[in-house]
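Presented below are the structures under discussion, each in the form of structure tokens.
Below, subunit A partners subunit B and then partners subunit C, in two separate complexes.
And now, the complex of A and B:
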């Protein structure tokens, strides 16, 4: 898991992607994506994947970034009533997975509603 | 200590997590009622740690500085997520910085100010153009211990650069004082620190802070009335107020940077977040005194002069005041879950 993650860590740490701002095509080269966007749709998980049990209820959203790229991400530090379609969201960096007490900690983007 | 060439702060950023634990909650659980010395403390979320908070503050500082490259990144902390694996390299990766010196510094609550001093030397000697000093902690307090009222989470970052018209403040001088004083410590592999209660005051905090500040006065010829603002390390609300009075500062000079009542003691980020709060409102020409304190023990004192470029920095990053205002209250049980004291 740690090595797979290592290969794409910039995507998670820096919210990098490969969508072209001009034509929408997916280039091969990653570049920094805008760190703000709006919620297109959202849901709440009560039976999440293993490793996320302590974060129940887990809020997930599809966010359209300012350049049109879309990302699926967790919404954190936001009162439930503010998580709604159209809400402005900003990327933050958080722990994404923790491999027990002795394994590695994986970091990545999540979003907060402004 | 003065650098050979002038050095300044080109950008800064602070990060205060969203959750607040009222001290009445700690008192309710462990004393049956009452409150602690502070009103609330800032608590990192379940998915936050020293790495994430260091990156958040650093992104703000880099944005304000408007620079692309860093020659050194120092993370000052006593709450590293890994005992062996640097925090600073994760911060460097997230900032896209690779051709850089990166290191973690530790000196209890003063690890960030020593980072500023080291960077002042590296920049002032011409070895690097820009460096990043970060103070960050997710402070630990044993359940029921006095520390639990105030041990808080937060971070602040400063871009230290060669002095030019874009510097928002000049770093005019610093002075330090250290001695072997065992007021507070955490042994390897221990989860919580231990301390010697009242001994943390007179022979530790007060003695070292007074020494470093008086040393700074002697070296610069400055006196308390020359400063518009003063920021002291704030382990609780009382110590900084008392040391300020002993050194000849007024309540008005320390008011802006005194944040312990609202966010607690963010350890290595404590006086740095206070400095960020002062820079949020300081005017060109204002002088700022900063004095950190780290158990074990030592203190670094600085004199800064705010520059014209401070006005251009307004609005680039959220102010400390705005981050404090955004906080939301949590109860003690939520706090224990967030800080890993209660696991499923």
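And now, the complex of A and C:
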């Protein structure tokens, strides 16, 4: 299944995306997104999806980037008490998981609190 | 043409170790068909993940052939957790228009044949594989994010949120088809295991197997006899931005707002006449935001209203009268049909100890994803 993620690797590696601000449609050319933003809300997940067992509990947050775009991402390398609403966060590239079928290592964006 | 629910069939929600997905679907179907001498002209199955849950697809033909309905058109409708009510809406639309005169709608889900983490993955398929699943976010995680946002922005307390699962459990005690027939206190909720902070185990609907069926008919099929019928007065489906985190206001359940408004318009009914709501409490926060989207509670007030008894069986506007998703259970693709069957039981005076008094109109609200799809139906007493 890794191919469905390989296909959009630029989005994962370079934090690219697109969306029409008026109607929400997504058939535009991808643009680089700003790599910093602030935490809008966060959670700590105790029951992982398959492939994420070793990372429990998993910190996740909705980050509002400087241009207003939102991204759902893991928060890593951050002391628990610093993960709070309004905290500034910066995108980093990290290993996400190993694909179960092919063994390929998938990389993508995660965020650290500054 | 008028359309009605003519009979329903319910399997108890829970761990059906001895029954297969097909056994459950057949069981609910036979109960619904036994009540009426009407041969369904179509069989429509609502189901979300039989491929993951039972490695079985092609459910329409599978069920129709098992019911001995050779020649009958039959197929499955999928719309995540709103699959059941979406299947019902297809039947309602066709029967109301007169394209067909009767349809059997069967919601079914088999969740307990697979491991819990496989259930989590199957549920996460209602969300984006590329941006939600990829980062490790389960469906519970999205609702945890939503719950924190709700509690922080609207200043909602733990106890207020807990009032919703407490209410659902209270109503399930006397509901024969409910999964958990046990009352709980707010302390049970606030001390239960953390799932996706701040959501705890008792904020979340359980995993269970189930099937529910409803026979939908028009006047051509049923003649003039109106006994044991509930009229379907309106129905609407609405969709909005796919993932909750991309919406300008995450706390606005716009799909529910739109579907509720359209369904009531179709029914020609003001919101003030709605006497009962079966709402989608897959998570406590989802129940709260759904009630607020339907205008039953002001923003941030749904938990407080529940705590004050407004939604009790003898309150202003009873909700989730057989336990809702939280305590009746949430066999995902079947849930919408359970809700509709419960509205039917209420309007035909067959709700037993769970009967709401002086009821004329009932609403069901079922959502797929985090209010990505919303399906609302309006029912009234048959006249």
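One rule holds in what follows: the second predicted complex is superposed on the first by the 102 of 114 C-alpha atoms of A that agree within 3 Å, B and C clash if a C-alpha of one lies under 4 Å from a C-alpha of the other, contacts with A are read in each partner's own complex, and residues count from 1 in each chain.
Keep in mind that, in the parts below, a residue touches a chain if its C-beta (ideal position, glycine included) is under 8 Å from a C-beta of that chain, and two chains touch if they have at least 3 such contacts.
Just so we're clear, the structure is a prediction, and the values are computed from it rather than from any experiment.
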Combined model on subunit A where subunit B meets subunit C, clash or fit: fit
Touched partner set for A:19, first subunit B, second subunit C, both or neither: second
Where the C-alpha centre of subunit A sits as vertex, the angle toward subunit B and subunit C in the overlay (nearest 10 degrees): 160
Subunit B versus subunit C as contact partner of A:76, first or second or both or neither: first
Touching partner for A:42 - first (subunit B), second (subunit C), both, neither: second
Subunit B versus subunit C as contact partner of A:34, first or second or both or neither: neither
Per-residue contact with subunit A, leading partner among subunit C and subunit B: C
Which of subunit B and subunit C A:50 touches, first, second, both or neither: second
Distance of closest approach, subunit C and subunit B, by C-alpha atoms in Å: 12
Footprint overlap on subunit A, comparing subunit B with subunit C: 53, 55, 96, 110
Parts of subunit A lying in touch with subunit C, wherever the complex brings them together: 4-5, 8, 11-12, 19, 24, 40-53, 55, 58, 60-62, 70-74, 85, 96-97, 106, 108, 110
Touching residues on subunit A, where the partner in the complex is subunit B: 9-10, 13-14, 53-55, 76-77, 79, 92-96, 105, 107, 110, 112
Complex contact set, residues of subunit C against subunit A: 116-118, 120-121, 124, 129-138, 140-142, 144-149, 152, 193-199, 241, 243, 245-246, 250
Touching residues on subunit B, where the partner in the complex is subunit A: 17-19, 45-49, 51-52, 55-56, 81-82, 90, 93-94, 96, 328, 337, 343-344
